[in-house]
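Each of the next two complexes has chain A plus one other chain: chain B in the first, chain C in the second.
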Partner chain A sequence: METPAIFWGVILWMIAWGVLGSILLRRRYFARDLDTTNANFVGAMAGAALGPVGIGALWAKTPELTGRIIVAFALLAVVLIAGAFAFADPKNNCVSNGSFVASQITNGLIIGIIYGFMALGLTLIFSILGVVSFAHGEFYMIGGMLVYYITAVWLPGINPLLAVMGACAIAFLIGALFERLMLTPMYTGKIDRPVEYGILATFGLAFTLQYFVQAIHGASPVKAERFIDFPRIRWPEDSDPLWIRASRGNLELFETISISNPRFVAAVTCILVLLALLYLLHRTWTGKALRAVSQDRDAAAIAGIDPHRMNMLAFALGGMIAALAGALLVQAFSWLPQVGAIPAMRSFVIVVLGGLGSLPGAFVGGILVGLVEAAGTGCIPDAQKAASYIPAYGMIVLTLTLLLRPTGLFGRRFASGAHGQ
Partner chain B sequence: MRITIVRRALLASVGTMAMLGGAAQAQDCPIKIGALAPLSAPGTVVGGEAMRDAMMIAEADINAAGGVLGCDIEVIIGDSEGLPERGAAVMERLIAQDGVVAVGGGYHSSVGVAAKDVADARGVPVVFAETWNDTITGDKQKYIFRIAPLSSWASGTIYQFALTLPGIEKVAILTENTDYGIPASEETKRGLGEGGVDSVIFSVDIGTQDYAGIVERIKAEDPDMIITLVTGEAAYNFTQQAADAGIGPMDLPFVTGQDALESGAYWTNVPDGQYAFVQRIGVPESQFTEKGKAFAAAYKEKTGKSDVESYAMEAYDSIAILAQAIGEAGSTDGDAIVAALEAIEHDGTLGKIYFPYGTQKDPSEDGKGDEWWHQWPDPALTMIQYQEEGQSSTDAAIVYPDAYKTADPILVNQ
Partner chain C sequence: MKRIPDIAGVLLLAFFAAFPLVYTGANYDYVMHVLITAFFYAILASSWSMLAGYAGQFSFGHMAFMGIGAYTTALFCHYFYITAEPTGLCTEFAFFGNWFVIVNPIGVTSTTLTQDCLRQAMAGWGDSVSVTPMPVLLGIVLGTIAGGVAGLLVGLLVLRLRAAYLALFTLGFSEIVKATISAEIDITRGQAGLELPALFENGVTVLGRTFDKTDKIPPYYAMLFLLVACLAILAWLARSRFGLFVRALREDPDAAAALGVNTTRYKVYVFTITTAMAAAAGAVQAHYVQIITPNMLFLLQMSLVVAMAVIGGIENFVAAALGAIFLQIMLEVLRTSFTIGGVEIDMTTWRLVFFGILLMVVLRFFRNGLIAPVIARFRRAGVAEETVAKRRAGEARS
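So, the complex of A and B:
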């Protein structure tokens, strides 16, 4: 960085006004008996982005703090940080190299979609059962392991799509079976501390799955072959640069953005399954029943929905979603029995960031974490440190969000968690 | 047949030595020798399993030859998981709970750095097999020995090789944030710099899976060569993802992690890994000692692998040399074993192993640095290249140094 004083000066300025804005605006809205839910967040963003001007304007008018205002101030703050960074380090690739920026954003989006998809399963379980599943990473692991074994060992030559579906079906069955056998005491009042019981039970499942796979398979890394090969595409033929160029293992957009085949396949599949999931949740009786149970178990029961059956379905579905993420990524990453630890940790961060129990929050949170990780890896001037801090980037965003909006981005303010009862 | 005869002869010699020692002092049997190996992630499990298999063969060979001091030996392997804190705890358990009299093995430098202090404080001799960090011997601790090469020395082989390649002006180095990776990358950068080659270091946490952002950043640096100083499946992930992005071994000179010596796992995980260079410790199989050939045969039979990795040979030797030292000391006392190790001449699978510097002669007397304390000075270091797809590491071409060279390197960017 050529002139770090500029950058850090701006950051300190933003922090100072952000803290002041957060405190002042909340007091102002509280004094006027207005909704203070977003006052901290908007005050901080307005102070960080516009300093005394932003805080003063909000102080004077006290407008309703809608989503648009929140997003506008947040974007303004991000733009200010980016501008300060550009002035301070004009030779940085993130400032001077457009194709690099486009590639990093694409990478961030793609991996963010996959992160968000995996976190979706976790938040689905939490929203219905009120329990954080610590076996989520192990479902991710067995999804990948099953696809490897089905395609490479048990049924070589099988269509990978069938292998993925098979892995999902097995993961669904494991989830359903586990929920029936181990989690039902949570709902029947047989135990004093249902939440702690649920957490410990899923911990047990995590260890069981991990060491079972290690005992059967060993600990050597494996990897599945690419599910499909891209057709050879050069389109439009006479354009320079080509808009789309595809080889078997790679897709290139505008001869600038390079996306590997396994990532592309995984991200597109995640989006398609997400759409199917949204259809299930919003257009089918079962999905509506799941949502009803997540909102009010007693009312749902009165309406004829069996909450216990929904518990089983949610846990099995959540596990299956994690397994699907693993099944899709085993063609991209080397796979070990312990491979689920880091993605599971990241899913916890995303779920809290997006708001516990919020499905859109999980997906948006995943994309946000993916983009922040890509920005950190690409833009931090010290190459030696840029990649070292990857796990920390998501945590920084999470900490800031929780400070300013403890419910997370899309969290329900007064959600208490029914813990499956 | 010849291998079997040689092996029997070697076992007989070990056995005779063992029985001589056995007369010196009665022992509780079996004599327990501890061993460190990463058998769970985030450690390098591929390496750990290879070392475990090798050390089990060492135990069987020594016991088949009559054991030591009239007793069988029992090798107790502790899973370090590649984590320093776990390594220190496992070392403590091996000594305090399992009652081992000496310890061999060891893969990750960070584990070695943490575990050596525990062993030294308790007076239990350790012969580290595959931990490269210079400080492991550089701290000049009485009970700590090493048969792996020094990190600075191993890095020297890589950058000297890089400097022999034409058209290399900038090198990207990917390293891990460990006691192996950081000093190795700095030493490599220093050496390249002295040779007039610019370099940039990228460091990652051990076990990193997704390298997309880093690969883009390396691409933006437009390097002429990439050197990977990362262990385990992380190196597989990086190499394949770099290949997907067009900067892999088939696109520019690319040194991948040492675990690529496990060629079966390498080709499964890095299908586009042809033309990668790999550092290897030890001479090519055609130049193995008789003991090396016997071990290679036993190892391949036990594991079903087509090649034998250098860290497996080091692991075998670390146990065998301890067994010989216990026999020559005539005791399982730590000080006696150290005295025997300092005077030892062991015919190992890697060659004749000895420790010229220690309590009897300080490295400074020969103008050497502290890191040469209790350090075997002769392990051969070579660079190999997978010149054919699916090749085993044993068959791969040795491209550096000239003393062992079997083929010229194929330079994909020329």
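So, the complex of A and C:
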């Protein structure tokens, strides 16, 4: 029997038992009058990981599904898939080549942090306005475009940090203006179906922004200069391999993991801004007001918070976060007016995976999606196909999440705003 | 007054039916092409408005179903042939005295374009053996069915999803379809595109007049017929219990379920029907333009359909179709450039910006679109007087 046949056989076996487990266990927990929220997920994972044994054990004992059980089964299933893959294709780069795996994981983590940061903006908008912004990718795009135009066309020689801040400020203004002009009728009950209105309105904004930039800029790709160069580092001096070796555009850890300068700078900036954002949300009056509105709009209004102003702030902040992600990545990727589509899709996946409206969920989800994409691009033998399928990896995650655990990793059942209706 | 929309509709239909026969401009083929494309978008916009406006299921994957329909018929016509003799090279089996041949996929490399097994066999045969391609109509029917089945499956998957989740999932589905088509270069030829036979490959003869396969009149009437058929089906559905249930589903799924509407079933039905319409439109359009690429599935196309439906009137599929025809014609008319105060403005690039702004303005200030309220206005004309008269009559009787 050929090895790929074994691999696909194992996968089919896992899928079959996973489907069966998710259906059976949900029924079992339902019949026993137990909490069924996680039964789907655990059933699928137990079926996938252990087949009839796992389902049988859970069926017989119906234990309370704590976080530990959930994580254990999920990890087991992932390990099993990885094992089957390694067995089926032992010569594959991501099985035999340890340093490749390490650098792939590191890069997945780094890009995942940036994705997670971008998704944070989306989830901030959703948790307060109850609207999924379909213009998120376009904010990302104009962030990058503005940085390119400021540093290369309008004010050559300007400090890139100022350019990034300028791009963020403009994105903030666009977000605030759009919210004031277009989204205000949503809050007063003038519209029958506010959620759909919000989707269409942001969709319209995305359309307009994209073609506006295309009309002004044209369709030629651009790329900004590196913001800063790494200093030359060799540390520690006398060890072999060197633990850290940095040159202008590259950073190497242990001489195996290579991280490019733009991604590193972007990830570090994202973490710093994230910390600032957490400070804003948890330590300042405005941030507390924002969180209060996301928890209970009416109660917040009684406590003297103007929910409409918080809506504006949230939308503008969310747009600004996306623009910042774009502004940081314009030095890493070449930029087109259409560049926002894939990051926007990714943010949607992350936000659903983490739980719509959950801030930590967005970050964890971002890292998970970054790792999944790194695994997908690294492990599929045909490199060209692997690259073409990039949007699909996230979608597999999205589909599984929606089927097995629609609330996401950290999802709240109910949130305020116009959703949940 | 109440009959005015009906009369206007009949007149408009008569106009479109007679137009290709009376129009004699120098740019005849171009105008025909614009109108055929406009009908294509009209089918998409009206079926989308049924799905989004009537049933409240905001799906952004409509173009994916259109693409599934188009690619099904393309692959069907591209890979299956019937020959009189076995080729001895391809996968083939006996088929009512002939041979059903499945051509092997050869990818996009230009040097191997004529290297698939059937072409090699044909080179050996010369002209002695007849090779029959698959009927285009069967391909279109299969495409429609494939689109409907895909819609059924997606409909089953998204049953529990509401508003935002549904929009995200369908958008993602559309991205997956596009990624798959772009990536499986061996079979779909990726960005190089797949060539299709023309809608009427051997030409047609109607009433003694023979039309070549490049003539625009047969595809024009085919697309117009499809549009009218779709609108008729939609109108019939909207007036039946189905329309009532589906609107109840939109307004409040829980209340509808409590009143005995099988919400699950109707959600799946409306998905299946509208996606099958999109797939049919895609299949016919693919045979008309004779080449399809994954670019047909770009988000721009979906945005255009959404803009058309919203500007026409999202809750009225006739208005959505009219909006689509109007917008498509406008998009072509605006392919000009003009100069204001020494600044040359190239409308070819700016027209889409204006449509985006128009979309937002319509959304904000004309929530029912621009065309639907006009229809509604005529329909409601005299209703007040009638009610007053009825009340008077009732009072007089009592």
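By our rule, the second predicted complex is superposed on the first by the 409 of 421 C-alpha atoms of A that agree within 3 Å, B and C clash if a C-alpha of one lies under 4 Å from a C-alpha of the other, contacts with A are read in each partner's own complex, and residues count from 1 in each chain.
Heads up, the rule we're going with is that a contact is a pair of C-beta atoms (placed from the backbone, for glycine too) under 8 Å apart; a residue touches a chain by one contact, two chains touch by 3 or more.
These numbers were taken from a predicted model, which means no experiment stands behind them.
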item: Clash or fit, chain B versus chain C on superposed chain A; value: clash
item: Contacts of A:214 with chain B and chain C, given as first, second, both or neither; value: both
item: Partner chain in contact with A:331 - chain B first, chain C second, else both or neither; value: neither
item: Touching partner for A:385 - first (chain B), second (chain C), both, neither; value: both
item: Partner chain in contact with A:261 - chain B first, chain C second, else both or neither; value: first
item: First (chain B), second (chain C), both or neither touched by A:407; value: neither
item: Contacts of A:22 with chain B and chain C, given as first, second, both or neither; value: neither
item: Contacts of A:195 with chain B and chain C, given as first, second, both or neither; value: second
item: Shared chain A contacts, counted only where both chain B and chain C touch the same residue; value: 214, 218, 341, 384-385, 388, 390-391
item: Chain C contact footprint on chain A (complex, rising order); value: 126, 131-132, 134, 181-182, 185, 191, 193, 195-197, 199-201, 203-209, 211-212, 214-215, 218, 341, 345, 348-349, 352, 356, 384-385, 388-392, 394-395, 398-399, 402-403, 406, 419
item: Contact set on chain A toward chain B in their complex; value: 93, 97, 100, 103-104, 107-108, 110-111, 214, 218-223, 225, 249-250, 258, 260-263, 332-334, 336-339, 341-342, 373-374, 377-378, 383-388, 390-391
item: Contact footprint of chain A on chain C as seen in their complex; value: 52, 56, 58, 157, 160-165, 167-169, 171-173, 175-176, 178-180, 182-185, 250, 299, 303, 306-307, 310, 349-350, 352-353, 355-357, 359-360, 363-364, 367
item: Complex contacts: residues of chain B adjacent to chain A; value: 39-42, 45-46, 48-49, 177, 200-205, 207-210, 212-214, 216-217, 220-221, 232-233, 236-237, 240-241, 244-246, 265, 268-269, 271-272
